[in-house]
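Each of the next two complexes has chain A plus one more chain, namely chain B in the first and chain C in the second.
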Partner chain A sequence: MFPRIPMLSYDVVVVGGGPAGMAAAIRAKELGLNVLLLDENDYLGGILPQCIHPGFGLHYYKEELTGPEFASRLAKRLVELGVEYRTAARVLEIRNYSDLEKVVIFTSPSGAYQAWAKAVIYAAGARERHAFEIGIVGDRVSGIYTAGEAQTLMDIYGIMPGKEIVIVGSGDVGLIMARRFALEGAKVKAVVELMPYPGGLARNVMILRDFDIPLYLGHKVVEVRGKGRVERVKVVRVDENLNEIPGSEFWIEADTLIISAGLVPSVKKLKALGVEIDSATGGPVVNDRLETSVPGIFVAGNSLLINDLVDYVAEQGELAVEGAKEFIENGGIESRKWVKVEKGENVRLIVPHYLSGDRDVYLYLRVARPMEDVELRIPEIGKRMKLPVVKPAEMLRIKLKAGEIRKAEKLTVEVVKA
Partner chain B sequence: MIYRFTCIVCPLGCSIEVEMEDGKVKEVRGCTCPRGEEWAIQEVTNPKRVVMSVVPVEGGALPTVSVKTAEPVPKEKIPELMKFLAKLRLKAPVKVGETVAEWEGIKIVATRGA
Partner chain C sequence: MKTKVAIIGAGISGASIARVLSRYENLEVHLIEKAPDVGWGVSKANTALIHGGYDDDPEKYPTRARLCIRGNRLWHQWAKELEIPHVWNGALIVATKEEDFDELERLLERGRKNGVPEMRIVDRDELFHLEPNLTREAIGALWVPIVGQIGPIPAVIAITENAVANGVKTHLETEVTGIKVENGEVKGVETKDGSIEADIVINAAGLYADRIARMAGIDYFEIHPRKGEYWIFDDDVPGPKRVLFPTPTPISKGIVVTTEISGHLMIGPNAQDLPPEEKEDLATTREGLEQVWEGAKKLWPQLPPRSKVIRTFAGLRPEPTGGDFIIKAEEEVWGFINVAGIRSPGLTSAPAIAYEVAEIIERDLGIELKEKEKWNPYRKEISHFFMMTPEQVNEAVKKNPAYGKIVCRCNSVSEGDILEAIERMKFIGVKTPSVDSVKFRTKATTGTCQGSFCRPKIVQLLAKEYGVEPWKVTLKGKGSEIGIGDVKVLLRGDA
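Showing the complex of A and B:
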């Protein structure tokens, strides 16, 4: 260990002060746990303070709020309860000495610290995919930003990133950025989407019509050219196997390219701990208390899986910390048997992976492709739910009763034609 | 004139068609509930949106305060409202939920403190 580094001691340390981490820390305090919340940013809230559009909190607060409003409600509660937190505190490493002995090593403006904890909640959010990852080549120019970078510039610092914009990706983030640019007077020349359907919620796709923004479905941006600054981007059409169609390329003039090509759970520090990762979610494999394969390390929010609703993120934070309390009190999360959850027809990802049958659970899942008039089925327990439409962009959340789970050896979740 | 869009009132996302004649709604097709129909009619006759932006603030922890309109604004008035917002300057302290300005009777509310 590091004898010179001051040592702190807690029941639970929460890594990340976004909605997942804040909800976890609040619940921890309410449950009487000694908790410390750490975030590397100068302010609490994670990505919420930069998401100034409405659309947050309909389930959690039964009210439609903007991102900053949602964050400030949680922050207010946190302060009221006297939760100990530190901002500008970057977690460098998590160590696992034994089930009830973890150490979280972090730096802050006042120096380096090691915080001992019996359990850790990992809520470090996600990272954005960047231009290289999606195979864009060309000149090394300024004017290429991820959506989150552009959003931070505009909505935290009040700086416009450009005037003539091309956006890669029609997920909610890309669409919301299209609206922000258009509202602030920039010309959004195109939203380019690889898939044959838009990636975002219908309410956000409507934005394109509001501002007459062209949407190229089944197209991809492959190249950027310019001297010093982006001048034009090359777009090409793709076939149903997403292969480029020769001769279909065209150029769009623009000074700015925004990459909104999806988020990836941020799990580096979990991987270093040896936590098992699910290749479908990009996040860890968890049980129904959101405990990872390393006992006492829990995960919530976008580090667990990419959520489209902050409400579910906050719910996961609370669940994880309830698990941590059980873990601390009983020296572990035990189950008579773990029921494995399997992906069936048209299920791309599903969380949690193992259910105890001791408690009711929410399953979070995404389909692989859009379908109409379908049924979600779990044949092992005879469960059937009718769904008029399913889309990859909309995460499904279904509740299972402890009694239902206990009956089965495993559960296969499938989405099939009704 | 026929307007086509996806309903956003609930996750069902019905494909709605609104047929207009002489500026009046003639028929609404494709919705499965009255809420959707009401929304679709408003969408063609008088679309409204909640508008958000940021305003520079002096003396705060961050350089801007985010704001929204307290109620939805008619769509065609949005550019005018954005011009009004672009001229606003605020001074800390600003509280979340505080009305920082008013434009044509519509309150502009801070959504982030400073």
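Showing the complex of A and C:
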């Protein structure tokens, strides 16, 4: 295609060197595939090296590790196995010439290359929502960062962003950043949460009590003012329908505003390939091999759906590569019939979207609103699971047996009062 | 002996004047700007249109009417000479009611008087052929093919680079605090860092042109700010091919829907008059933004969901008493030239304004201008990774591996692009490292993620090239530092 740029050739090219991509590349090598892993950063690990808190790996390594520890274990294994990888290598474009002919065009300090592959694993992670996207108006000043950017500044580059902090969003990331700032001696003046309940895990919500940080539930930050730097932020209360309550506005003085308002799967390159996207996950529609609607293009990790646990991310990477192997060997992922998975009562998103019934699968799902004493049901196969509490913040992962799946034409997953 | 010229303000007006005057051997030109970089005043936030020159009434606003069309024609040349990003995509002024055609006829007539070529009224069929996704309510339009769009700050940067290459001296972060006048003649300017002697002082201070004029004792006009707000959407949202205007009302040209030159759908501006003292109020407001949204929807019904917004911003138009541009040598103070009240279409008119000033210097100040034997009209655009083919990337990395390394992932900006930007910042005298200076030269941080991935990396590059601690790197000049110290600074109690 590009006669004058160097051409490389592989069975599988993995895009993204975070936990999903590394796990995929390791598994690929273990399965005897010729694999190349590409990441644009100068180091492997994706966002893990900036997550210096513990809470990683309980399922995958049966130990609690920090992000850098989790990443370095994967990286070590990768090196031991002799997996070919390149850092500072940014994938610019993926082309799909035919089922077994994909081209991944990437650039690096040694120039641009075209890597031909029979299958591609896309594990490019996610991006964070920013202040403009969540409708904050006012002055454009220094001191407004996404949580991940602040984390990068502090934990990769050793820069302290500010001293009086307001955090938007009480998900795990926001809460962990609240603690991070407090531990470095900053005053966290508020965590502001739109919903009437905190977004993070209970153990992370405890952070607020430990550090005496006020939590404003059912509130939102609407405006920032300042000259060169943030000086104050305007907060307003919302009602049950998330509409602002007039007259409830107040200002908090702060020099830093951290936006931790959720992640969005990075899928622009997949969209450009014509991959079908699920508007609920923001990631692609996939089958139980994590193959997208474009044959031979697989996806894993936060590009598939936003995960809270790195363990599931790594698991998805492995699964995707097992699919790629089958794809390469059989010239496609075949199934006698695809069983469609549908969202029922109180299910906001669910992945995968199509199941073959040829193998056992994990379903990953999130509820739309918190509930207690509920059952997860799949009426078509009479499946019922009791759950004491469900929260949108906690992704549920349930296993279905191949035999169960085969019984149905479609599966509707619902979470209802027991 | 050379005549010393001090130009106050490095916006599109001041920079253009500097470029034109750099052509003359007997002038020594100083360009003075209070901001850390050029183009950060009014020229920073606007609709970026090279207007067609049909809507300014030559009876009421003769200067605007004359300079807009001349400016439009000159931009065709300047954009090529200086390699300024631009597109000539034309504009449609859309009618949705039968009465609108009366106004369109008036504009057509006025355009002809002003010398605008190739305008015509198109019917519904042709209109939808030109712009298929326009509101179904549209019944016809005025088609003005000569309208274009440019990158306004890239334009100021390009012009300044060329001016400096031709000998202009810049004084950035230098705020003018007084004008020296003796016996009715201008002698120079006072600044926070001492004075700069000059025989001619040109006041191109944008929103502050009234203040500067008053420093010279001239107070017949006032500038008040008129705010306009905008939304910009992600680059995967489809926008129109042409610039779309509603039929104007007596008060405003209306809210424009356009795909700006880097491919993002942009809507705006509204118009809100602020008191004269609020010249720094660039805050976006909910009311203003909603007004824009409603206005844009009338032309472009399928506005994207709010989750596709990547940025909102506001600009301030410098509205002068009387409404017309004030471009003249003031008689009370010999050598003092006002270039004031340069409101819309000031961006379009800037090259014409610059020639006008040169004419004023010759005609009214009686200084004969001698052209340099060698004057370089050309300037090369900075390398943009996103415009390179893979083959070109491989050529570039042979010179410097940094050209192969991506820093801004949304807009594919390489480390090489950024290092080149920093070199060019230094070339025109930028002293304080800021992310915005890099942004306006490379487009880094302006994509889908709005810099959350690349800003920390840009900060590192700026810190290294400027030899400062990374937390002292600024977003947009002093007072907007990225951090307060190293990560342990608060625990040590140093901050």
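Observations, loosely collected:
Going forward, the second predicted complex is superposed on the first by the 418 of 418 C-alpha atoms of A that agree within 3 Å, B and C clash if a C-alpha of one lies under 4 Å from a C-alpha of the other, contacts with A are read in each partner's own complex, and residues count from 1 in each chain.
Following the convention adopted for this analysis, contacts are C-beta pairs under 8 Å (C-beta built on N, C-alpha and C of every residue); 3 or more make two chains touch, one makes a residue touch a chain.
Treat the numbers as computed from the prediction; the structure is a model and nothing was measured.
In the superposition on chain A, A:49 contacts chain B only, with no contact to chain C. By the touch criterion defined above, A:145 reaches chain C but does not reach chain B. Of the two partner chains placed around the shared chain by superposition, chain B and chain C are both touched by A:185. By the document's definition of touching, of the two partners only chain B reaches A:394; chain C does not.
Of the two partner chains, chain C is the only one that A:161 touches; chain B does not reach it. Looking at the shared chain after the overlay, A:133 reaches chain C, while chain B stays out of its contact range.
Look at A:203: by the touch rule set out above, it reaches chain B but stays clear of chain C.
Shared interface residues of chain A, touching chain B in one complex and chain C in the other, are 154-158, 184-185.
Interface residues of chain C facing chain A in the complex, by the touch rule stated above, are 236, 280, 282-286, 289, 306-307, 309-313, 385, 390-391, 393-394, 397, 401-402, 404-406, 409, 412, 414, 448-453, 455-456, 459-460, 470-471, 474-491, 495. Contacts from chain B toward chain A in the complex involve residues 5-8, 11-13, 47, 49-54, 56, 61-64, 66, 68, 75, 78, 82, 96-97, 111-113. By the touch criterion given at the top, residues 42-43, 49, 52-54, 65-66, 68-69, 72, 154-158, 183-185, 201-203, 205-206, 209-210, 388-389, 391, 394 of chain A touch chain B in their complex. Chain A contributes residues 2, 4-5, 40, 88, 90, 92, 105, 107-112, 114, 127-128, 130-133, 135, 137-143, 145-146, 148-149, 152-163, 184-186, 222-223, 225, 227-229, 255, 268, 271 to its touches with chain C in the complex.
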